[in-house]
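Structures are listed in the sections that come next.
The same chain A turns up in both complexes below, where it pairs with chain B and then with chain C.
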Partner chain A sequence: MTISKNKAGEYAKRGVGIAIIPVICLVVMSIACAASGTSLFASQSSFQLYFRGLAYVLLLSFGVSINMHTGRFDFSTGAQMLIGGVIGAKIAYASGLGPVGMILIGAVSSAIFGCITGLLYVALRLPPMIIGLGMTLVLEGVVAIITGGLKPVGFGTDSSYYSFAVNIGAVTVIMLIALAFMIVVFHYTKFGYDYRALQTGQKIAVNTGINEKSNAVICYTISGMMFGAAGALSICSTNGVTPTINFSTIATMFSCFLPLFFSGFIGKYCNKQIAILLGCISYEFIQIGFGQISFKVASFTSDVYKVIEAVILVVFLIYLNNENKIIEFVKLKNFIKKRKDKSAATEEQ
Partner chain B sequence: MSEEKVINTLSAPDAEAIAEKETAARMKKALIAQNIVKYIPLGACAVLGLLYVICALIEGYDLAIGFKVIISNATLVALVATGATFIFSAGSFDLSLGSNMLVSALVGGLVGIKTGSLFLMILTCLVVAISLSVLNSVLASLFNLPVFIMTIVMMNVYGAIATLLITTFGTNAAVPVPPSIVNSLNNTGFRIALLVGFEVLCCFLFYFTKLGRKQKFLGGNPLCADLTGINAKKLTILSFALAGIGIGLASFAMIVQTPTLSASSGSSVGMNMLIALVFGGMNMNGGPRSKMYAAMLGAFSMAFLDSFMNIYVTGSWYLQIVKGILFVVVVFLFSIANRPKMLER
Partner chain C sequence: MKNMKKVLSVILAFTLILAMGVIFASCGGKKGDTKIGVLREDDSSGEAKAWEEYLKKMGEELGFTVDFTTTASSSEEVSAINTYASKGYDVIFLFSDDDIIAAVDAASSNKMYVVCPTGHPTAAQYEQLKNNEYFLGSVAPTSDTEYEAGYAMAKYFVEQKGQSAFTIFGGATLYGADMHVQRLAGMLAYFCEDAGTSYDGVKTREELIPKLIGKSLDPSKFVSTKYRITGYMDGFAFDDAFSTKLTNSLEAGGVCVLSVGAGDTVAKIAYGITQANGKVTGVMVGGVDAITEDYASAFDTVYAYDCGKFASAMAPAVVMAISAVNGNKIVNSDGTALRLGMNYWVATSKADLQSMLASDNKTDGYCYNSAVINHFVGNTLDEFKKLCDADYDAAKALHDEYNK
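This part shows the complex of A and B:
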């Protein structure tokens, strides 16, 4: 009886841990939208935009999480996204392969560039930061050459690419494929087993015979594939892209930080990949909410909500990185309060 | 007979003497190699400068104008990179310096437009740059936030703030500072004076005070530095504040150079600053091998490379590819002697 009670308690705790962030985001953004005279999902198009954004952020977050969770920080994420998307768009549009072909070409070409980045990292044994920055410079330059000097890349009057990006069924299939792929590769293969061993103890894992180099190259390749798919989807949803240089692609990573840190909290209660999905779902509530508010309040521009998003991220990071201190502080406060109440009660007596 | 066998047949004192001699020879070789590596950045700068001069003369370019452009381009990068050396030598990292420079320049420019005072403009540039820089360090060191994440977050935030400032206070997507306020300073002499003054101040702080020694110690071995009583958090905040001075001066120099400020003003400075540090021979992990003069040397190397390539190639992206390849190659060459057995993270 006690055991089943304990189990029930544990399940309840897990359920609360998993659902709390998405629920808070949904409730807070619904209230914020209502206060601005609108609603979170005002029409069918809101749902379309929600799923479009969710698919993009999910692919990006999966890609970034692979290297970030092993302590490698790849600055070339945005550049890989851009080059994959541009190559995919150019080839698919020229040969009439359509959006599915574009995403596949984008994923494959970015996987190749990811693999090159990984091979350089392994061969030169330099910090990932240096390799990432170097590759960013090179890839941005290559994109500029491909686009004939940073000329915009688009699909002319062909609206099938945009229609695909806002097709809830299509993007849901992409998300499910990506989720299933990540779960299988990172939780049910030898590669995934080695990856997790390297993640928790690099030296011990290497000493036990795990080939860190091949594992790192595969990580870079898989993340490149995710970035390419995300880049292609992003270009579809904006109906084109104007490439930029001078490290400007580095900032692209910003949009996956909040979902990833949300997933850091949710991940304590469930599978890591599911936690990333839930983190993205929460994040998209914030995004769609900000979008709805900006339709009503003209001064609430994308720059304003970028700043607000950063504030939320910093506050959440402060909590995650100082969780113990905050708990201690709260408990100490409770302890002092209890003591004060006790002494007051004694005095009254 | 192998050398080892010869040593084995000798008496103990002889073998010791030979071993000592061998060690001394090895140390001498290492010292020579170290000295050669030390002077490579200087040699590279001289070679690039010479290459530019020769090619400019062959192609009939005006060298006087060319050198004015080189000094102008190098000043902004050198000011930011020299300040940033304090951050990197202490083992820290910041990518948001370019965006910080733009925000500081915009706020300084707006104060200049409002008051017409040059003094208030430079003061505002400095105060804003130092404040933003310190904010980064406070978030990273006091709240234990990951530096890599913080730097990208702040880069985005400063970029958004800059756009907001331009759309709110600017006209035609720009903030035009009246050139009459800054015209008197828009000359090469002022740029050289500003750069030399700041460089001398930084070199003094870095090489002749406790601050520089502490920073190198902290960058080299944070644990030992902590055990010897160095307050890492305080030192990191101070390093970022000093970097803020460089950014503030660079933002002022940018207003003087191009008084019409837009969202793309100085957009390449953040990138060039990193490359300049590497070209100048700065160790990106910080520590005792950090050099304050590396920033200036690297900035001039890059300005020479830019001007040299501009003679023959149209399109800054080709230059960017060359810089990217050189960036990785130079770091690789400098790290050959200290390559770790396991992959770095």
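This part shows the complex of A and C:
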């Protein structure tokens, strides 16, 4: 009876832990939108944009999480996205392969560039940040060459690419495939076990015979694949792109930080990949909400909501780093303990 | 073996001499009397590339050397100027505007002329620079030109296209970028000519600008019995929030999108929304940006109006530079440096744009080619102003006149 009661309590705690951030984001943004005279999902288009943004940020977050969670900070994320998207767009548009072909070509191309980045990291033994910055310059340069000097890449009058990006069914399939892939690869393969072993203790893992170099190269390759798919989807979303260089791609990766930090909390209660999905779901509520509010409230400009987003990120990081202290404070644990100790001491006297 | 070494040595020596000869010959071929160093921040946009091609082509035809350096800060500008000075350059074209005073000081201390071909110094900066003998001046669209560009675009869509509901993209208005503020003020000023229309209680350019600069536009403050502004966006992050606002605004009926910049990007997204969303029809986008090849394809989608600078827009700067180097500086009547406006070209169809591009490109020849430039070099200020003030038709007339 006690065991089943404990289990029920455990499940309830898990359920709350998993749902709390998405629910808070949904409720807070719904209230904020209502207070601004609009609603979070004002029309069918809002749902389309929500799912489009969710698919993009999910692919990006999956890609970034792979290296970031093993202590590698890859600055070439945006450049890999751009080059994958551009190659995918150029080949798919020229050969009539359509958006699915574009995403596949983008994913494969960026996987190759990711693999090269990984090989350089392993071969040169330089810090990942340095390798990332170097690769950013190289990849941006390659983009400049293949676009004939940064000429805009687009699809002319072919609207199937944009239509695909706002097709809820299509992007849901992409998300499910990406999620299933990440769960299988990182939780049900030898590579995944090795990855997690290296994540928790590299020295011990290497001593047990795990090849950390090949693991790192595979990580970079899978990351690249995710970035390529995200880049292709991003270009579909804006119906084309005008490439820019000189490290301008670096900032792209920062848009997935908030969902990843959300997932850091959610991940304590469920599978890490599911947690990333839930983090992205939460984040996208904020994004769509900001769009709806700024449509109604002129002073709520793009700068204002970027500041708010940054504040949410910082506050959340503060919480994650001081979680125990905050919980103790909220539950008044120390206060109650002191009172108990005091009353016990009084009774003894 | 010894002979073999000798033969190899002779072949190597001969190859070296030949290579040196080729290098010197090629240098000699490109080298002209005048050397111009171009400092720019943007080296990748369509107009930046068009200007680069134009200057290189004119360099070949008129016999001057031109070199380009991309800078990102004032210190980089000064460093690049000093480098050009050490290589014997005569003129700096300053496209960037990090610190124009520091750049002109660096150039003048090296006895190099400076021309600003894409923007103007502020009034205070101009006062500081106008008597500097090495500052030749600036020739670029003025605030008035920008205002007129916004005004003319709004007028075109109302009077020629019968539009009354608008979505507006204000670019960097929020950050106080003068050219975007002026263009936006121009649009609003046109709408406010209607008796029943005002923005935040005001109607004229002078009143509108303080209401917009650094504050953006609030559609709820736009009161009109004739027009509607259904949505406003600014910034250059074309993210989910941007798409949400644009979609909402288009769905609310504001299908005529007026853009102060990045019109091609706005048009691409608007076109996608139109095609994917059955509720939105009849979208058209107008923008002030550049007359370049990139915009021709935008006309295939929902882009309907393009206003901007063109490849030959560098011609006045070239005229000023060569005139000064030849000892015939073009200056104001009081001897101060120039501060002249430059007109935009306007295309309202793909055919218009292609015709402009056909008359102003590297392969078929530029509108302001060497013959036109030669006419204006060392000429009077009044004559020079004709070159700067010309719209497309006037520019073509100038081309025809001096290429008979």
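Note that the second predicted complex is superposed on the first by the 324 of 349 C-alpha atoms of A that agree within 3 Å, B and C clash if a C-alpha of one lies under 4 Å from a C-alpha of the other, contacts with A are read in each partner's own complex, and residues count from 1 in each chain.
Quick note on the criterion: a residue touches a chain if its C-beta (ideal position, glycine included) is under 8 Å from a C-beta of that chain, and two chains touch if they have at least 3 such contacts.
These numbers come from a predicted model, not from an experiment.
If you put the two complexes together on chain A, you find that chain B and chain C bump into each other.
By the document's definition of touching, both partners, chain B and chain C, reach A:301. Of the two partner chains placed by superposition, only chain B is touched by A:314; chain C is not. Using the contact criterion defined above for the overlaid structures, shared-chain residue A:40 touches neither chain B nor chain C, since it reaches no partner. In the superposition on chain A, A:229 makes contact with neither chain B nor chain C.
In the superposition on chain A, A:131 makes contact with chain B only, while chain C stays out of contact range.
In the superposition on chain A, contact of A:150 is made with both chain B and chain C. In the superposed model, A:245 makes contact with both chain B and chain C. Touch criterion met: A:142 reaches chain B, while chain C stays clear of it.
Of the two partner chains placed by superposition, A:21 touches none, neither chain B nor chain C. Among the candidate segments 57-65, 93-101 or 147-155, the part of chain B whose C-alpha atoms clash with chain C in the superposed model is 57-65. Put simply, chain A uses residues 144, 149-150, 245-246, 301-303, 306 to touch chain B in one complex and chain C in the other.
Of all residues in chain A, those touching chain B in their complex are 70-73, 120-122, 124-131, 133-138, 140-142, 144-145, 149-150, 202-203, 206, 212-213, 216, 245-248, 250-251, 253-254, 257, 301-304, 306-307, 310, 313-314, 317-318, 321-322. Within the complex formed with chain A, the residues of chain C that make contact are 44-46, 49, 70, 72, 174, 216-221, 231-235, 237-245, 247-249, 251, 264-265, 268-269, 271-277, 293-294, 297, 300-301.
Partner chain C is touched in their complex by these residues of chain A: 42-43, 45-46, 48-49, 52-53, 144, 149-152, 154, 156-157, 159, 161-163, 165-166, 237-240, 242-246, 255, 284, 287-288, 290-292, 294-295, 298-299, 301-303, 305-306.
The part of chain B that touches chain A in the complex is made up of residues 93, 95, 139, 143-146, 148-149, 152-157, 159-161, 163-164, 167, 267-268, 270-271, 274, 284-285, 315-318, 320-321, 323-325, 327-328, 331-332, 335, 339-340, 342-345.
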